[in-house]
Each structure stands twice: as C-alpha cells, then as structure tokens.
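Two complexes come next, and they have one chain in common, chain A, joined by chain B in the first and chain C in the second.
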Partner chain A sequence: MNSKNNHKIIGNPEQRVDAIGKVTGTAKFAEDYNVLHQLYGKVLRSKYPHAKILSVDTSKAEQLDGVEAVLTANDIPGKKVFGIVVQNQTFLAIDKVRYLGDGVALVAAKTKEIAEQAIALIDVQYEPLPVIADPEESIKTDAVKIHGDDNTFVHHKVRKGDIEKGFAEADFILEKKFKTQFIEHSYIEPEAVLAELAEHGGVKITGSVQNLFSSRRSVAAALNLDLNKVQIIQSTLGGSFGGKDEVMTSMCCRAALLCLKTGKPVKMVNTREESMLESYKRHPYVLFYKWGVKNDGSITAMEIKCIADGGAYASMSPFVTWRSVVQATGPYHCENVKTDIYAVYTNNNYTGAMRGFGSPQVNFAIESMMDELAEKVGKNPIEIRLQNGYERGDVTATGQKLDHNVSYKEVLKKAAEAINFEEKWKQYRASPKTPFKKGIGLASSYRGVSLGAEGTDAVGTIVSVQTDGSVIVSSGITDMGQGAQTQMSQITAEVLGISMERIQFLNTNTSRVPDSGPTVASRGTIMSGSAAKKAAEIVKSTLLDVASEMTGVALQNLDIKNNYLVDVSNDQRLASFSELAAECFNNGKPMYGLGWHKSPHTSWDEEHGQGDAYYTFVYGTNIAEIEVDTETGKVNVVDFVSAHDVGKAINRNTVLGQIYGGVAMGLGYGMLEEFEFENGIPKQLNFDEYLIATAMDVPRIKAIIVENEDAAGPFGAKSIGEPATELAAPAIVNAIYNATGKRIYEIPANLERVLLGHKLTRTGERGSVQKEKEETVNFDSCKIRSTEK
Partner chain B sequence: MKKFIIKTVINNRKYELSVSPNQTLLDLLREELGLTGTKRGCEVGECGACTVLINGEAVNSCLVLAPQIDGKEVLTVEGLAEDGELHPLQKSFMKHDAVHCGYCTPGMIMSAKQLVEENPQPTEEEIRTAISGNLCRCTGYVQIVDAISEVQK
Partner chain C sequence: MLNSFSYYKPKSEIEIIETLKSFGDDAKILAGGTDLLVYMKQQIAGPKVLVDIKGVPDFSKIDVDSGGNLIIGAAVTCNDVVENQYIRNHFPVLATAAKTIGSYQIRNRATVVGNICNASPAADMAGAFLVLDAVVIIATEKGNREIPIKHFFVGVKKTSLQQNEFVKAIKVPADYKDAEASYLKASRIKGHDLGTCNAAMSRSKNGKIKIAIGSCNITPVLLPDFDSNNIDLANILTTAMNSIKPIDDLRGSKEYRKHLVQVFIKRLLNGKGHSH
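Up next, the complex of A and B:
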C-alpha cells in the first residue's frame, strides 16, 4: 500500500493483466490466427529503388493452379494513396516505384508456396531512374525529384529574439556538425494480418496493428467502405515501438483487397526479410549546431539546422521533425534562437515514428554541445547544466512558460549523486593513458508529453461492471507490451475499490471502442488512464447511489473498499461488490461508463515557431560509466543510471521495465545499430546482420523514479515510454570523451568510430572496406565547417 | 515429395506423424499441431523466439527439420505447466514483470529451463550467457535475469 496517498493499488507492482497468456503460450499474436479455407497473400516488391513502371503482366501468375487472385493498384476501387499528413504513399505502386520496399502486385493462393511461385511469374518492366540516397543531395535544387517538383516536404521553424545580436554578444562561437543513422524497430514479431469478409458487408481484419483507427481510415477510403464496415481488431502485439503503423495500414489494405476480390479469408505474414525491406525506420539526421557563448558558460545565441532523411514517403516526418524543432535547444536558456528543420525525400526506406520520435537525434547533438561548452569554459557537465537549465516559470525557445513542477535539476542531481558522477568524472579525465580507460558521461532532457499541438488529443476508455461484480475494461489505446492495459486496470480497480483479479481487459477493436487517436507520443497512461479514471468514477457514482437507496446510509458515508461496500462512519461492511452490482442491475441502473479525456490547451504558430507546444513536460537524466579498450575501440558499459520524473508511477514494475528497455534500445542507438543502405539498397535484412543488444550487451541498469505528481495526469502520472530511450546515446558519447578525450560526432559509436574516428563502409563486395569521404558542407546561410576529427 | 513417418513425444504426448523432409520443426508445431505458443521471428536461428527443448536441450526449432525429432522428446511452452500448475519459471516471469510484449517469452523461458535444469544455482553471467541467443527488444533483459535467478532448482 502506498501510505502517502492511501492508495490501495496505484503505485503497486501489480502483475500484468496480460502476462498469463504470454507465459503459457495461449496469447494469440497475429500469425497465430487461422481459419478454414484461408488463402495466403504475398506481395511482389520493387526491383529498383527508383524506377518507372512500364508494364505489369500478371497473366502467367493467374494461370498457376491454386492462384485465386493477382492484383495491382488498378484493382483498388477507392483512394489509392494514404498518409497522415501528406497523402502520397501507395498501397501498390502506381506508375513509379520510390524505394525497394514498394509493393507492385499482390497474389492470393491456396498455399504460401503457390503464392510465392506466382509472385515470381509476374513480369514487370521497369525504366530505372537515378537514385537519390543522400538527403544532403536531395535538398539541392537540381536533384532528381521523387514526388512532384520539390524533394523538401517539411520545413519547421523556431524564431526567438535576434541571433545576429546574440552572436555579437558572444565571447566565442561553438559550431559542430552531427550525424545519426537509420534504425530498424526490430520488434521481434514480424507483421501479420488475417482479413475476413464481415457477415453483413465489409471486412474484419485481425492483426498486429499499433494504430487501429488511422489504419482503418486509410483502408476504408481505399476500399470505398464506410468506417463501420471496416473492423480492425488488435491481436496481442509482439512489440511495435512506433513501427506497426503505416506498414500495417498497407498490409491491412492489401489483405482486405484480396479478401474482397476472392470472397475468402486471406492471411498475410511478412518474413523478417520482407519486414526489414518494407518497414519504415528511425530518421537519420544531419545536424548543424552553432552556439554563441559567453566565457561564463551562458548561451547568447543558438542557430540550428537539421535535415531529416524522410525516405520515399512523407509518413510521420512532419510530426517527428516538429517534436525536434520544439525540443532542439534542450532545456537550456537562450534568448536568441533560430531553428530550421527540413525533411526531404530520398529513395531509401521511408522513415516514420519510432520510440523517441525526433528527440534522440537532437538530444545527441544538444548534449554533446553542452559537454563541449563545459570543456571550453572550464566547468564540469553538471555545473554547466545547472547554470543553464530550466526551472519553474522559465520560458522555452518556443515562448512557452513552464508552469508545472519543472524537476529538470532535481532529476539531474539525483542521477549524479547515485553514481558519484562529479568525482568520477574528474578522476577519469585526469587518469594516465592506459590501454583500458574508464569514463563517465551524462545526458539530460526535457520532453513534451503526448501529442501537443500536433493535433486533436482525446481518448475514450470503457468500464463495464457485470452482474457478478467482475469488470470488463476496453479502450481505444492499445497495449504493445508497454503495459497500457495494466495501467488502466489498476486505475479502474483503485477507483472502484476492487482487486485486480476482478478485471478483464479486452484487446482494442475499432468497432467497439471510440476512436482515441494513435497509441503514440507516450500518451497511453496520461490520456487513457485519465479516461479510465473518469469511466470508473461514472460507474462508481451510480453504484453508490443505488447503495444509498439499498442501505439507507447517507451517500457521503458510503465507499467501496477491498471489494466491499462500507459505511465509512463506522467501517462496517454493508455488502460485497458482487451483491452491489447485482442490486444495481436489478434496479435497472447502468453499470457502464465511457470516460472521455481531452487534453488541455496547446497552441502553435507555424510561421514563427512559437506557442504552448505541449501541455506538460517530463525530465530525465542518463549517466553511463564505461571502459574503453583503446586498442580495439570496444566500449563496455560498466554501470548505468537512468533517472526520470514520471509524475507518478502507476505500476512501479512497469515503469522500471520501460526504463530498462528504453536504455537498452538507446544503447543500441548509441553504440551498435545502423541500418545501412548502398544506393537505396539495404545491406541488412535479418538479425544475422542487423544487430540488436543481447543479454550480454546490456548492463544492470539503476533506475531512479522521481515522482512529482502532475495535475494533468491520472493520480499525477505522466510518461516514461519514450523519455527512457532518448538519452543513452549522448551519455555514452560523452563518457567516451571523458575516457579518451576524443569526441564522436556520428553515431553509432561502434568499434571503428571509437578506434579510428570514422566509419568503415563495406562496399558490395564481401570483406571489402572503404573509408568514408571527408566532406565539407556549406549549407545555406549557416556556414558549417566539416566536423573536426 | 517423399514423406517420413516419425515417432516422437511432444509435450509428454506420443505422436506418429508423416512429415516432409524440408519441413521445419517450427512449421510442424505451428501449422500441423496447432502449438502456436512457439513463435516465428527470423527463421535463421538468430532471434530465439522459436526455442524449444529437444531431449532437454534448447534449440531453435526453425533450424531443425521435422524428421530429426524422430525418437526424441520435444517440449514447448504449452507443455511446461503440469496438472494446471504453472512452472516456477512461468510464475517468476510474471512476478518480476519479465513479460512485456511477450513475443520472446516462450523461447526465453525454454532457454532458461535448460539452464536451471543443468545448473541449479546459475550466476548472473551464466544466466545472461544462457539467454544470449534469445533477443528481446522490450525489457533490456534486467527483469528476465531477475526472474530466472530467483528460480533455483
């Protein structure tokens, strides 16, 4: 029990409501669904990263025994393109392919093997076009165009003060270029769906879909169906991390199309290779940071430019880069700011939502800059951040006054104390040159919670009490393994005064819960939890009204505790929760509540990049202690602290789990992972070559949960999913500097970058290596020198 | 294609099966026997989601051909509980919140089972080594290591 607030269930490490099926094997993931007479769908994907389609001949494939349909874009009855902001992504290519993962044709056949044979029989004639693989090439005016007449499809700005004045006031200028890489989400479950005809028109799709409502919108538009004729049911989701959005929209649409054409159920499953080939990635950024600085360590101007590689389609780039532009200065004071963030098309895989969503890239640059600044003015990393960091009442670069508990410095100090940061930092930097060098580094951030001014932010959660007192909860927010169902169940149980065993959670079904927007932006707990709280309060209010009539006890003396209706004036138990539910039913009263939660006000002026971007923020600090083998470049993480203000931990274990998993993913980003292309062709398509951290690579992580309850969240809860993954990379890079005196400007900081200071690129030939070219970039008005190596 | 008749025991139940020489054990379990608790993740033996025990030894079932289990005993996640009583590893995984999305869980538990059967008191290093062939993208492995270390035979 949490004594401070007298909560019974909030704050407890309650067992996950969906754990039992997952340890016994009864949980049904998308590929586990099978129905009689199902067909198998397969996709023919592009042969070139960029080409015109001259012709598609499906006749041979159609003649193959067992093939029931061969379809192209011509067979889509409705809208042939989709996209959350820019509608230009094809379900199946129309006239042109823009990356190697583009689908060109579909087959449905009696077996997987026949479907694969049929795919090989489809004859597509292409006229290859020049491939744009580099975003810095794509942004040039004379570059080959991928869509329409401009490859630049996003330009977000922030304008505050006057940077000319700011640079004039500076004692010196700090100017650096940084680069980040493509990252594969690497959910262990590859994408899968099963589409069936609905009994009375339309389709029912069961699958590994993260954002059911946006997928439904696009599928309905493509098939010319009303939204109520497209039912999408979420199967137990084997990880997503932002990754099962557009790629699933596409798969849902393709399977539904085949199902409607053949009149039979159609199952589609991606192999890992197909998944990596087609799915979107985390955006690589090129970041140009130029700061005007005083000798005392204060920052007088920041000029920031970033180019994000959007790949072949717009996808979430407009929103991902918007979070970057809001947070690009970090939580640091500066009166004069000019930030420009661009997203451009290339013929690489398109890039979209991935846990962190535009913050890991800018955090790497900001926190590297901060440590360089500290070095230049003779301060340590803590001192420089305490000097420049935000406090309550401060105004951000976007002109937003922070009027919640701004715990940036509290979190920073707690993290530093937990690992004795300042002493170690001083000791390691002074230690003599030996083959193994220790180092310690930190990174900290502020992060806007939920969607902010991206768009409508509202969620519905339903609480339904049964006549025996058991409870069913459902929501438009989905569980992908982060624990959303458990958080909502705990909140429901807390409000209703019942135990967790009485609650059953249903997987999300678009036809049975209200459109609650996407499960993204770490908005699950704060939004759906608030909605669950309201739903449970509605039901509880009805139950207590009935109880007062039933017992004659005044309403204000009644409460439900530990599964019993009690008279709080004398602590007497009056009835069990089950009896109360039965009484309520017999009185014809509703035991059903729809809780609806709409976010507080946010605002954004696109032209000046000013506004109240997010309704609240979270604060975090990561510290990495490492050992570098200076003869091989190998970095071992020996200790790690991850401190986060989560507002309130609804479930302590789940918060810890999010922190541990987020750090592991962040370490992969900082040290290990890189999805590489050669002229638009991916080099890794399975886990034999795309490496993610194993149990041998992730250290024991010290998680510090800071709780400053926020009025914006249920029981004070805010966010942890994405904050947990956005800081490990710069902490590692700063630790490497502390150990070796060498700074890494391009991640991942793998063996060759740590040892040689640059990347080794493998060419097409196995075993071959090529040193990356040194480049001088002159980007528009911001005169950026090539990175000092 | 010529079929093989094999005799095997899967989850303590005897089977006589007709299998193709190119069929993987993973496919046999999932597609023929409806044992979908064993997961398909990469099909190249890298992710470990399809881990099962053959005669007590953890293997990637995507790399085993169905005829190879002739005369052998196979245990999958569905066979772990006995008489409705969960295996200690299953209980411990739930208690320690070692189950997030759950996709790696069956394979992870099977690798852990071989470890605790053979090494009743494994060190943290030994646990990490034993599950190093099972990828997990959610947990950072901390709670999984804790869950396994609490189960001592």
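Up next, the complex of A and C:
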C-alpha cells in the first residue's frame, strides 16, 4: 500500500536538522570543546607490533615541568580489559603489546608540547616477539600465540543439506580464491574527547563517540564507577562509518582516568597519523568459494570457507563474521551449503565494525562467482541472477523463510533497464581490443536489516512538547552524519501534524536517554524511527484527549494538521498547536513521550548455523560502466547505477546522500584503498598515501529508490546506510572482466592488478625518501617516513 | 606540530638576500608553502626563520621579455599559469602540467617555481620545463645568474642552489613558443596524487625531440635530444630504459614504472599526449 499522498512530511526532501549548524560553523565537534585549566592528554604507543614489556620507567617524564600525571595500566582501578564479546582489549598494555597502535602509557600536561616531550621521556624496555602478520599463518596450530593458546577465536558455521550429495549432482565445479584488504574508515574528524569531573562525582565525557552506551559500560567498569556516574555526551560527529566504537571507548577511558587522577579537565585529540596508527580497520578476508553447478546454471552445492584477519583484538569480529556467514551464499538458491568462517588474531591493527560489516567481503566473492558461473554456462549476468535469485516465500541458506516483499529481482531489473545493461554488456565484450576499452558490470545482494540475532535490539526515542508548542526530540541513536536526527524529526512532525521548524533535536547524552544499544547495522531509521513514531503517538494521544475536553468535539473527529487542531468532520481549525500545548500544560497533562521499540523475533542455532537471522531484508543492485586504459591499467568509472529497495524513503535527499556516499566508498574499496602493512607496521598514516576517491573520481551516479513498504519499519522504512556501499566493488570488478576478459581475484583492482592481473612487490617508502636514507620507521614519534635532514 | 619560527616578508630582492645572509641555514624561503609547511608539520624541516618572497611585486608576474622569452616569477601560482591566456596559447604544456599538481585549492597557493625548487623526482613542472629547455634565474649576492634547468636538479629534493641564493624566476626561451609539447602523468586517483610516473615531450621547430621522465630516478630525467625527422622508436625506448632507475614504492613497482614510461613515450610521439 502506498500512502504517500496522505503524508505531509514523510518522503519530503526536508532540510537536515543539523545542516545550518554545520554550514555556518556553530556545530561543535569534539575538538571545539575547551574549558579553563584543561590539561592535554597524550598516549605513548608501542614500539613493536608484538613484544613483551619488561619495564616501564616514567620517572623522567614525571619530573618534567608542566606534567601532571603519567599513568600506566597499573593505575586503572577497575577492569583493565574490555570487549563486546571477548573481553581482551587493553586500555593500556599489560605485560605485552600486540600491535603497533597499543597504548603503553599516558601523560597529562599543561600544554600539548609538554605532553609530547613527556611521552618521549618514558623509557619502556621490550622483548620483541615473532610477528604474526598473515591470517593464513596465524590459523596454523604451530603459530606463535597472541592471546591465550589459540589464535582462532571465531568459527561460525552454516550447514544445510548435504554438500557431498550436492557436488555429486553437479555437472562441474567452480572453485576460486579471493582476497580483500584492510580499509581505513577515513572519517574526516579524527578521534577527540574532553573529560571533566562531574559536579557530584564521576566524570562527564564529551566526544566524537558513535556507540555511547557500550563505551560507557567499559569506561565505568574500568574506573569502578556506577553507570550513572559516567556521562558520555555526543559532540557533533565528523563521520564514523562504524569506526568510532572501541577506539573511542579507549580514548574516553584514558581521558577520564587522567581527569580523575589530576582532578582537572583533560582534552585528548588524535592527529591523523595517530588515528590511522591506532584505529581499527575493515577486516581483510581470504575467501575460498567452491560451487557445484549444473550446465543449466543452477547451483547444487556451495562450500565456503573464509578467514578474517581479526588483528590484535577480538573487537566486533564475532558479529562481523556472523553477518558474513548468514549472507555468504548471496540471495541465491542452493539446497546444499556448508559455510565456515573463522576470525584469527594477528599483530596487525585490530579489525571491527565498518560500514558493510562483513558483507563487502563476501559480496565481492559471491558476485564474482556469479559472473563466472554465467560465463561458464553461456548466460548473461542478469539471466543467471534471475534464474537463481530469491523470491517471496523462498528459504535461505540458514533455513529462514522470507515472508516479506522480496524485491531482489525487481531491483535488479530496474537497475539494468536504467542503463541498458544487457545490450551494453554484449556489445562491450564482443568489441576488439583497443587501448581504451569499455566495460559494464553488475552486482546485487540481499542484506539483513538491523542487529538480527546478534543480540538485544531495542531503542528509545523521547518526544517532549514545550508549553509554546515547540518540540524537543532526543534518542539513544546517534547521528554521525547519516541523518538519523532528521529522520526522527520528520517522523515526529508527521505524527504530531506540525512543521519541521518546531523541532529541536538534542545530541545523545547517556544520562538523559535510555540505553538503546549501538548506532550500527543500518538500524537507525527502522529502530529509532519506530520509537519516535511511538513517542509522538503517546504525546498526540494526550494532546487530543485534552483537545476533546477543551472543545467538546468528539475525539474521533479531532486531528492535528499543519500546526492546527482541526475538526476533521468540517475541516475547521479549532486552535493552534501552541494553544493546544499551553492548554495541555495548564491541565497538568504530560506532553512527554518515551517511545520504546523492540525488534521482532529472530533466532540462531550456533551449532548448525540455522535460524531466522534477521527480521527483514533489503535488496540492492549496483551497475558500473567503465573505460579501461588497457596499456596502463587505469580504470575510469564513467557511469553508475545504484538501485535499492529502502522500504520507504523518509527523506529522499538523505537516501540519495547515502547512496552517493556509499558508491564513493565502495569505489574506493574496489579500486583504490588499501591499508597496507609490512610485518605489522603500517605503510601509510595519512591521506597522501592512503587514497580515497575524490570528487573527481566519483562518477555520475543514477540512484534508483525502490519503495516496497515493510511492516517492520516506521511508515514502511527499512535501511540504506550499509547496503549503499556493499556492491560497488564487485560491480567494478565484473565490469573490468567485461572490458578486458581478465578477472581480478584480489581487491583493490588498482592499476597494476588491472594491467597485469596481480600486484608487483612494493616497499612502504615514498620513493624520494627511500633513496635518501636507509633509515625507515621512526616509531616513537609515530611517523612512518624517515626524517630527511 | 609546528615548531615556532620568525617570519620575514622583505619588499625587495636585495632585502631577501640580506635576510638569508643574516640567518644562514636557519632560514628557508617561503612561497606557497604547500611543501614546506607539510615538512615542518612532520618535523622533517624545522627552519627558525621563514623568508616570504611574496612581498616583491615583480615575483608575481608572468612576463615576456624583449627577446620574446617567457618569464614566470617565483611567486606565480600554479593556477596563475593554468589560467594565463598567453601561456595557454603559446606554451600550453606548462598549463597542462600545472593543472595536475595537487588539488585546485593547493594550486591556488603552490607556485610553479616552488615545485621546481622542492626538486621532487615526481615534480610535475620539471618535465615540462626540461623539454622546453627552460633557464632558472637565480638571485645571488653578486647579482643574478642563470643555469639551464637540466643542471638545476642534483638529487632527491636537492638543487644546485648555493647558500644565500634563491630562484627569482624561470625563463622559457622564445624558441619554444608554439612548439609542439605534451605531458602525461599516471596517478592512482584523479585528484591530488603524486605521479607514479610522468613524461613530457617537445618537438622544436629546428627538428629536435626532447623527452623528460619523472618519478623514475633520483631527479627528473632529460633524455638526450632525438632527431624528429628520423624517429627511431626502438632507440628512444632503449635510451629511456637506460636513463631511468625506478624503484618500488607505494605508488608502483619498478617494473610497472618501466612499462608506463614506454607506453607514455609511444603516446607522446604519436600525439596522444592527453592525460588520464
């Protein structure tokens, strides 16, 4: 049912509620918060990717004038480790360092300069240990252990049917290995916090934090404080993309520790280099895909094994890889499935949540396999997907029956029609080899919405009408730039029958809104929007009760429209919204609503990997049209289609923004970005060498918004944040194949891989530096380049 | 973090020299600052004194002297060159090369002379100036001296500038006005990236072909002249391969660089010298 015509605010391209502040500079990012007498905190990080700490001597640093505290793990009064599933991540190293970004000691000083000098005066003695840099090495039983006695800390399974039988039925086997890379989140604002003593005990932390409640839990445990004594307030965030979770938990804890020790406010701000050195990345995967296939293109068996590089700490790996195991087959029929996904420790940066969350890796493999399958059986990429793709009522690899509107094929067809895919695909592959060759490729997916069976999934949003009819909205879901505040405001305005200008949105504060879990998994709109709808309905119900008493008009004839109380039987305006609010207040009625939304049921049987993993799914297709310079390997993306079923676009512009940004990130994943290590040492720590797509690299993008309203979401809305970025890479790789006949099994598909099909060996230095001096890494000042005179 | 420094902005060439003399090695010339400030922030350079040359009005000029030579002052920005109609009409390769430096915002600050003085092996302006046989005009205590640009680069980020000297302008000989010249650069992204490698070529009116290669040796490399009436591609490619010593780095492997140089030379000679 499409009820668009009845909506006043839903679906409109309303101006973002945070736009004016951001464009005029009044929005306050974490670094903008400064208070009198604040100290500056700095972290001494590890000198080795893997080493025992023999001793830490802080005496010289303590004696430096202007230094107010020098702390190590010994100074943490409570729990010294944290983690969402496996609690083994240190705020400050205990006995051992496990990657180069590990913090060893902290300094608080009167100026940043003094803090830096003090850091250099801390003497740490290490005993270097062998470095495990390769997950395929780490998983071997005789590998050096990073935590405890096993480097493998996650093994998720899916078991369906009988793969032996499936492979026996197959006409042929398609077996390939794929690899993906580490990816930096590249949020424009590096990590920053300000920690202050709270007025009546405890601490108040203002900062660039994505998941305030999980950060608060870990900080409170470390400081031996009750949750009500740790207040975390979200500053306006300059991007996050999943990246401001554990790294911010750590920074919040360190700043709070320094603050409590010194009794003074402590500011901590990472430089870009510190940020890249310490922060977690998107997991690199090694993916082994083996499919049994019939000559007609149907798939009889899928055997899938993936190894994820978890880096130094468990972090979100158990959940990231769980999404991978659920979605590893793609939206394609197969009766016999055996999937095993492992996460292993290495001495690389730890890996965790990043936009996509385990889907970009498997999608690259699945969609490459699908195109190879098409090639082998003489079909085109659309035909093979229409043949194998899910429809309503189908059962997934995890045994879940899809009983919502499964629009996989609708989205695929709409995307293909928009760019004339099939004709171009045929034409480009048949055209003779010339220096510049065109190609077109597509990728499609299904994706579980929200947390699914990962854990408790509930959100609170608060709507508070003021006595003058203005409204304050706040929520446990944070806005990191994705537009959550605007979505919730639109939903509130729609329900209350008022205009957007009346709404003021507050940044999230852990002491003022209920714990709503993390802002992840593209759950913002569907969860907090549902909660906002309920909150507004609670308030509206009170307002209309009062209105009925005030006017004598029967309740069923009253509504609020365009900021006025109206009698719907004759369309007469009875009072303004402001008058109604004042009346409600004068009658002593609450104009405050807490909307609470708990997700529908999901289930998971860990042993067999079966269950209703997610309560609903979204469907998307990306198509890339490219031109390849076959003599240099340069790929130019000339046109792009990104089609997504979002359920309902609450704000069309926000959806478009998510789609465009998602394609830009996905393009970087496919062609440009790679956070490289050499034996645990990052090769790049700033954007001069870690390249993300610029405005010049992002192609024209045609966004297609498909709206099949879903009962699970507010006004039918589902998700777009992560779906938007999980498909561009395989679409581009498939387009490169269409152009050149060469398939790329390892991303990014950079110039050399496109030209040669593989990457040649490289060292980490910038050429000019390497020639000048042999010295390479200056660990202490966390610079990767050697210092030329 | 930047160390503290003093800042001077002299109004004349003499004053600049005097300031350089009084501070010696502690002083650095500041033009656009797009390289220098990065080095200072990374503590690669730590000058106690910055001598800003933008206070001398003549240095911001693009001129043609009485002999018809093009003179580009030391404070002329990359965008000045990109947008200058005379350069676009008669020395277009300079505009082409300048446009590949950094981003638009960087090009508003960065100077073409600074790009030369930074002496990066990847310097985008180096190849274009090399194939136009440009001359570097150096201000010294004893007046100006001029050296051919091919003798200006002596090592990675090293030039033949002596103490108390600075480059006040670069001159492109009138001989190269309207000469065919082109520039190619391989970079990983279309925005601000250093070249994985670059190549420039000119064909002068008197039948000489000049080819320069960047990012493939410790300095930008100018190959010996070739005869445009008798092009021996195999010989040119062999000469090029013998003149470069590329390395492996984050931007590309040496094998890939060697391959690119050959592709670029062929394209330049075939008149297909459009970048990207």
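Keep this in mind: the second predicted complex is superposed on the first by the 757 of 789 C-alpha atoms of A that agree within 3 Å, B and C clash if a C-alpha of one lies under 4 Å from a C-alpha of the other, contacts with A are read in each partner's own complex, and residues count from 1 in each chain.
Operating definition for what follows: a residue touches a chain if its C-beta (ideal position, glycine included) is under 8 Å from a C-beta of that chain, and two chains touch if they have at least 3 such contacts.
Bear in mind the structure is a predicted one, so any value in this text is a computation, not a measurement.
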Touching A:Met665 in the superposition: chain B (first), chain C (second), both, neither?
-> first
Is A:Leu565 touching the first partner chain B, the second partner chain C, both, or neither of them?
-> neither
Which partner does A:Ala695 contact after superposing on A: first (chain B), second (chain C), both, neither?
-> both
Check whether A:Glu676 is in contact with chain B, with chain C, with both or with neither, and answer first, second, both or neither.
-> second
Touching partner for A:Glu113 - first (chain B), second (chain C), both, neither = second
For A:Lys634, select first, second, both or neither according to whether it touches chain B, chain C, the two together, or no partner.
-> second
Look at A:Glu752 in the shared chain and tell me whether it touches chain B only, chain C only, both, or neither; answer first, second, both or neither.
-> second
Greater chain A contact set [chain C / chain B] = B
Common interface residues of chain A - those touching chain B in one complex and chain C in the other | 688, 693-696
Chain C contacts chain A in the complex at 1, 42-44, 103, 120-122, 155-157, 186, 188-194, 196, 215, 218, 246-256, 259-260, 263, 276
So, in the complex, the side of chain A touching chain B is made of residues 13, 15-16, 18-29, 31-32, 185-190, 236-241, 271-272, 480-483, 653-654, 656-657, 659-665, 686-688, 692-696, 698, 700-701
Counting only contacts in the complex, chain A reaches chain C at residues 112-113, 116, 631-632, 634, 636, 672, 676, 683-684, 688-689, 691, 693-697, 750-752, 755-756, 759-772, 781, 783, 785, 787-788
Of all residues in chain B, those that touch chain A in their complex = 30, 35-44, 46-47, 49, 76-78, 80-81, 86, 90, 93-97, 99-106, 109, 124, 127-129, 131-145
